[in-house]
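Here's a structure for you.
Chain lettering (A, B, C and D) follows the sequence in which the chains are written, and residue indices restart at 1 in each chain.
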Amino acid sequence: MANKTQIIEFLDAEYPQTKCVVEAVGGQGATIRHPIGIAELRPGGTVSGPVMMEVADVALYVAILGEIGLVAMTVTTSLTINFLRKPNADFALIAKCRLLKQGRSLVVGEVELFSEGDDRPVAHAVGTYSIPPQR
Amino acid sequence: MANKTQIIEFLDAEYPQTKCVVEAVGGQGATIRHPIGIAELRPGGTVSGPVMMEVADVALYVAILGEIGLVAMTVTTSLTINFLRKPNADFALIAKCRLLKQGRSLVVGEVELFSEGDDRPVAHAVGTYSIPPQR
Amino acid sequence: MANKTQIIEFLDAEYPQTKCVVEAVGGQGATIRHPIGIAELRPGGTVSGPVMMEVADVALYVAILGEIGLVAMTVTTSLTINFLRKPNADFALIAKCRLLKQGRSLVVGEVELFSEGDDRPVAHAVGTYSIPPQR
Amino acid sequence: MANKTQIIEFLDAEYPQTKCVVEAVGGQGATIRHPIGIAELRPGGTVSGPVMMEVADVALYVAILGEIGLVAMTVTTSLTINFLRKPNADFALIAKCRLLKQGRSLVVGEVELFSEGDDRPVAHAVGTYSIPPQR
């Protein structure tokens, strides 16, 4: 297992492009925050879909690292996302991940995305990560 | 319906952040090219999963615009992606979309992603877009 | 909206093949029970995957009927299921559905499946139903 | 690898409930036929969604058995299905599976479903099977 500080450093090294901020991790879950600015918006004030996919993916990744430790070669094998409501362009995206199964080689989790301050989900994702057997 | 030039201009306005290049569109499909550089890579030379999701999403979007024209408020409602093989960090990503169904309010399509020059898919996606009824 | 008794009668007429029993419905959710017998098992005591898919689909359907009423032509448009653990062949399957979004034309919900008496999910599904606009 | 006759016998033993008929298998694919009768229909002449899910699942299973042989403990880990058009109640369902990736522990494939005699897909599925490592 890895704690929040270790995961933040690891994410910084592994995923330097991301703007995702780890808010909480542990207990088979994680909460991620992603600021929304001009780079994340499309005309009409819509948050770009791929930004939401990235935040969901990172939330799942962080939740898994919190359980299995800082294991390189932990990779997404699948992700299904449903877009539910238009996110609010003026608020950060919050992703809450909950792991559903942690097997020897596959971990499955679900993620709900919110606009900060609103408890109606803007998107829901479920994804699978493959974790290397040689641990 | 919209042609390639119109779609390139529309994408430029709607999705200014994307590096996706429209290679072909029409006949219920589209081909997209996305360069791979330092910004798309993670340590170990892995192409970032969210980049692949974005390319799949854009390929589907472009294929739909090619059929229904430049309709604003055409939005992704769901996307499922399976990651199949490690993409080659030295080659562009190519996404080939084929529409499976074009209904009044929903369009469904599938996308195969490749590393340029290799015909084994690195990822497969299937997604749904909602198109506005008031056209 | 429709109550439990109405939904049970409707399901009986619409879906006479199903063994699903409505345990609870309302509040944007539903709980379904499906007995497990020889017809649902595969060698080795594994509950057949398609049985779990059916139970997930029915749970979502019932939760929707509970919100929109007994609307014919309410049909599944997509379903994603992840199988998490081997169900117990000696216990009924329980499906708990929670709706995530109820729009004008699309409803999205998630379902967790359990072996009765065990709170670790055996499968997780997320699905979308199309509801007719002419209501 | 297993041939068509071996797979038909294996399916008969493993999946005695299914009405699926193996039409072809090999070359990283399979074609399955499922008759449509009163047991597969819902009022209005709609083929039951779970029947389509079962046929998709079996098509993927058979395609995998054709590549890896008659391996017990080969189980579905995930399935995503999109329903595209109303199947014709008077014709059998045909499922054509094509494997996308055959890894050491995961196999991914896609399936298109048709009403016999009509080349417009009624549903599209993509699924993943876990294959046991101890082979």
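Of note:
Basically, a contact is a pair of C-beta atoms (placed from the backbone, for glycine too) under 8 Å apart; a residue touches a chain by one contact, two chains touch by 3 or more.
Being a predicted model, the structure only gives us computed values, none of them experimental.
For the pair subunit A and subunit B, the fraction of shared interface numbers is greater than half, so the two copies use mostly the same residues to meet.
The chain with its Cα centroid farthest from the Cα centroid of subunit C is B.
Centre to centre, using the average C-alpha position, subunit B and subunit C are separated by 33 Å. Rounded to whole angstrom units, the spacing between the C-alpha centres of subunit C and subunit D is 22.
One finds 27 Å separating the Cα centroids of subunit A and subunit C.
The residues of subunit D that reach two or more other chains are 77-78, 80, 82, 128, listed in rising order. Within the complex, the subunit A residues that touch subunit D are 77-78, 80, 105-106, 128, 130, 133.
Here subunit C touches subunit A in the complex through residues 80, 82, 84-85, 100-101, 108, 110, 121, 124, 126, 128, going by the rule given at the top. Listed in rising order, the residues of subunit A touching subunit B in the complex are 13-15, 17, 39, 42-44, 46, 48-50, 53-54, 57, 72-73, 75-83.
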